[in-house]
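Each structure below is given as structure tokens.
Consider the two complexes below, in which chain A is the common component and chain B and chain C are the respective partners.
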Partner chain A sequence: MAKGKSCVVLPFLIGFVGALIVGWGLFPKLLYSEKAQPIRFSHKVHVEDQGMACDECHTFREDGSFAGIPTTEECAECHAEVMGEDPAEAKFVEEYVNEDREVPWLIYQKQPDNVFFSHIAHQDFDCTTCHPDVGNSDTPPVYYENKISGYSKQTMKMWQCERCHAQNGASNACYVCHK
Partner chain B sequence: MGLDRRGFITFLVGGAVGTLFTPVPWKLADDVSIWSQNWPWIPKLQYGARSEAPSLCKLCPGGCGLSVHKVGKRPVTAQGNKNHPLSQGGVCPLGSSAVQLLYRPARVKGPLKKNNGRFEAISWEEAAQIVADNLKGKKIAALSGDENGSASEVLAGFLKLLGSDDFYFMPSDAQVSQRAWSLMEGKGQLGFDLENSDYVLILGADILSSWGPVVRNQKAFASRKGKFVYAGPVQTGTAATVDKWMPVYPGQEGVLALGICYYLLKMGKSASLKNFGLVRDYILSKYTPSVVEAKTGVSAAQVQKLAQDLVKASAPCVLVGSDFGQGSGAFEWASGILVNLLLGTLNQKGGLVALPENKVITSAPWRSELNQKSFLKFLDEVEQGKAVDGLLVYEANPLYALPQPEQVKTVLEKIPFKVSFSTFLDETAMACDLILPAPHFLERFDDAYTPFGVGQEIYSVAAPVIEPIFSTKSTPDFILEVANKLGVDLGFASFEEVLQAKAESLGTDLESVSAEAYTSDKWLAQNSLSLPVEILATGLETEGEGVFLAPVARNYLGNTKQALTPFEVVVVKEFELQKKDFYIQVNKNTANKLKLKQNGKVKLQGAGGECVARVNITETVMNDVIAAPLGFGHQAWDEFAKGKGDNLFKVLSVKEEKGSGLKVWNRSQVKVVRA
Partner chain C sequence: MEAIEFKVKWGMVINIDKCTGCGACMVACQAENNIAPMVDGSDKRMTLTWMLVYELSNGKPFPEHDIAYLPRPCMQCGKPSCSTVCPVIATTKDEEGGIVSQIYPRCIGCRYCMAACPYHSRYFNWYDPKWPAGMEKTLNISTSVRPRGVVEKCTFCHHRFMYAKEKARYNGEDPMDLPEDAYIPACAEICPTGAIVFGNLNNPEHKVAKLAKSKYAFRLLERLGTDPQVYYYSEREWVRRQGDNYLPHEKTKGE
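Right after this comes the complex of A and B.
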């Protein structure tokens, strides 16, 4: 009988611990695919070497909307032709500027269309409160794409928005974010 | 030790319990729910900077300036351009579909060639070669649905250099008015200075819904200085909106005009016509109040009151036109012009005005000359054996939008080589040998010079607001390319150069005119007018058998060029279309007379064809008249237009007008039988 009992506990424990290992260790690795940006954009070159400020490229438009990542046309104001030695720049000029195409940048915080996020309403926060600190990176961080939902791993969930709103006394009414 | 069945089950239970302490079930449930909201067919928002680009609507000859709202490079909606004189910030339902039409399923995606009844994709080089080979030394004709764009000038000039005079516009009041004006020895293009009039009498033309520069007409009405009165058989958009609606039998607007002339002449009014005496005597003897009352359904007292009101006004204007924008005769126009002459409003503020012409292609005839020619007469000639080797069709759909389209199809089959330059897969394109799609007008350079009906010279140009989505080519550019291949010199290398030259001929330049339309206040003085009395006889002809048919054109149901748009499908009313049947409208009196029941199925039988409809009983139509919408019954296009209702053009009957030789179909009569 005692022997029989130990036979039950051990497989249970093995199953339990195994599930924990798979669930916490393996599952996240399986769930996300790792992607690199189409162009290895170096913020460092632009900020440190060229002394550019963030808002030279990441601007608010006249109507208060946020321009996000600059368009190819805006990049081409400087990069109409290859300026440096970096092969990534050459690739950008050749494949996007010359072809008049937009770069399909991977947006780490991309929100669905039904979320109306206003950057200008959040401008008192530091960018890195929500975004990865890419300002000094030479190679953009790896982008983790959820294989099921297609969203970035870092896309903020609604509960995170709501928590911050609650902590800061901002309204959590539906229409604040969903128009 | 081995793992027995019991151990295995406890292992699974342990695994299941363990899983509950991991993110797996919760994360999966969340992700699957998000996945289920991201089906590929759900439209995605376009992000980017918002901007506005000026453009020009080419969906009808109205010439409205548009303001195309863009997000990034992509147009998202079209509104009226506040700075454009013909739109003043307004747009009609059709124009508001402009952007959506870029993606209409019926768009032709590249050049096509018919091979054993099926279309095959070809390259533009191949297309140019086929066209050049088929035009060289051949007898060519062309039909254009663009009555005020320079593309037609390029086409007409090209034809002339190929030795052909067979350039035609799709029929419209622009042509008929020109024909009548020329018969009266008038110069220039007629227009109406509605903005400055204090009493506008509209005879027939549904100016606030579908006739002429609709949006400008609406703006003129909105800021009117006095009264707008409408005479026509149906309570159209115009009739329902203006200050007064007077029911008049279809196609009898000219008779009503002469009825008014009768009273004006009795009041001693005169017009500076070479043969004024003859005209006066003719009207006083033939268009007596009783004759006019019998023909029009308007009482003599009412006609007299109209004449008195017009005389009392300080800037009266009488605007005549077909109820549905086409099919009228020189009779209506000459009669309408005559009222204005008797009122002394010609080239006066608020009156009937004569506007200048312009052209830059040397070989092209003037627009006023092109407007003298009738495509229906050309079809008669072809039917009777006139040899024509090729037909070029630009922005026109004659196999849908001409009276008796089946007969038109049979005649056109005699022409061995037909090319359609349509942007959309319409009925005519389907029957052509080549379809060489023009870009949508938001994707190309285009222009409009003094749309018919306006009261001033206006030139508008639009530059493309979006790169072509499909493999399309601007038709005038293609024609210039083919001309080059054939060694024919039109004097321009590109259509943009043509527009530049036109702008310069008006003392401006392409850039300025693209940003803001050019306008002038030039009116052409007339020296010696006359009015051949034979034209006035038409109104006295006895009517045929059957009930009067009043076709109604409504921009939201599409027009002669554009089929019911995807945007507008939702605004079609239940008494206009239900399932596959469209509705005719009759009032209770007429329904009783014809023994028609609400929703009953009927056949309308015209001289050359019949169509099936259901009956709606409504008091918005005068006695003894059947009103029915144009715009249904397409057999091509896409699911938004195809197979909905029947095509009213099938039952319109064409007559030849004495005196002018014009073909007219605004006095069609039909028989109604139960289906």
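Right after this comes the complex of A and C.
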């Protein structure tokens, strides 16, 4: 009798554990594909070794909009020719500077088309409140792309934006963040 | 329904006597807000025109015959009929400035709001937007593109409001106290005769605040109590009379 009972429970137990492994372990791995930046750009080399400030590259334009990542032309002010031994630099100069092309950088925080974001309204906050700590990295972090939606895994979710707005007394009207 | 009082209230005063009906506002609006070319422009039930110019006539034979043109954006009502009927809170009036929002990803396309709006300012996407090859390069990154199955409407070019606030922050100014013309929608900017004036109705220094108080100013279907933020202006009595449903014995407002 007791033997028969355990036989009934066992398949459920196996199924349950199996579902947990798939749900927690396998599915996230399957859902996100790992991508590397097109150029292994080191923030350490530029910020620590070259003493550049963040806002030399990540500037505001005169109309208050955020310029984001510098254009190849701006990088070429220093990288018109290969200066060092680093293969990443050689690749950057050959494939982008010489070809006059923009680098298709992957944006960890890229938001959907219908979201409006303003950096200047958040200039009192540290970059790492919202971004992975890219500013101190030597190798850019891995970019995880959601295979279904095509969005980055590190993108800030709406509830995270709204929670901070609520805590700081900023407006949570839909049109503040949507367009 | 309780209406929210805003510190800033963006409003428009459209001078019908200056409007020539050229339609530049409609074109500027479509380009600014990424409205795709129409599938069949002759079928007015299927087209999208956030800004639409209507033709008015006094209905009299020559020589008394007179016509006028009335551009119609979204009225950004103080007490909107649309947002109160929305079952999913995809449209609200809760942001400083008083612009009625429309959140496309939340919209389920039930079209209650379209039935509720007395101004026919709301439109439904019957088709996925398609641009002729190459023309997608002219899309404006400031406005998101809407898929088939959602409702959309004029937003007073809301993104321009956000950009104006960014610029004010950059210059160390108060984003809630924008000067006249720091933020104006595409239609008002393009209007060749200056018939569309835009500004903060609550700021007595802005032109709109004065114009809206003129005795020739009126609003469409004012007596419904929707409290629109769009005003019209005409010195012609018959034009003002068409702004509302008057009974034969009633006098036109402003007379």
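Here, the second predicted complex is superposed on the first by the 175 of 179 C-alpha atoms of A that agree within 3 Å, B and C clash if a C-alpha of one lies under 4 Å from a C-alpha of the other, contacts with A are read in each partner's own complex, and residues count from 1 in each chain.
Following the convention adopted for this analysis, a contact is a pair of C-beta atoms (placed from the backbone, for glycine too) under 8 Å apart; a residue touches a chain by one contact, two chains touch by 3 or more.
Nothing here was measured: the structure is a model prediction, and the numbers come from that model.
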Considering only the touch criterion stated at the top, classify A:Y151 as touching first (chain B), second (chain C), both, or neither.
first
Touched partner set for A:D63, first chain B, second chain C, both or neither:
both
Pick one for A:F16: touches chain B only (first), chain C only (second), both, or neither.
first
First (chain B), second (chain C), both or neither: which does A:F125 touch?
neither
Who wins on chain A residues touched, chain B or chain C?
B
Could you tell me if A:S171 is touching chain B, chain C, both of them or neither one (first, second, both, neither)?
second
For A:D113, select first, second, both or neither according to whether it touches chain B, chain C, the two together, or no partner.
both
Identify the partner contact of A:K179: answer first if only chain B is touched, second if only chain C is, both if each is, neither if none is.
second
Does any part of chain A touch chain B in one structure and chain C in the other, and if so which residues?
63, 65, 112-113
Within their complex, chain A touches chain B through residues 4, 7-20, 22-24, 27-28, 31, 61, 63, 65, 67-68, 71, 112-113, 146, 148-151
If you look only at chain B, which of its residues touch chain A in the complex?
1, 3-4, 6-8, 10-19, 21-24, 27-28, 30-32, 34-35, 37-38, 44-45, 47-50, 72
Enumerate the contact residues on chain C facing chain A in the complex.
89, 92, 94-96, 99, 101, 103-106, 142-145, 155, 158-159, 162-163, 165-171
Give every residue of chain A touching chain C within the complex, in rising order.
60, 62-65, 112-114, 116, 118, 120-121, 171, 173-176, 178-179
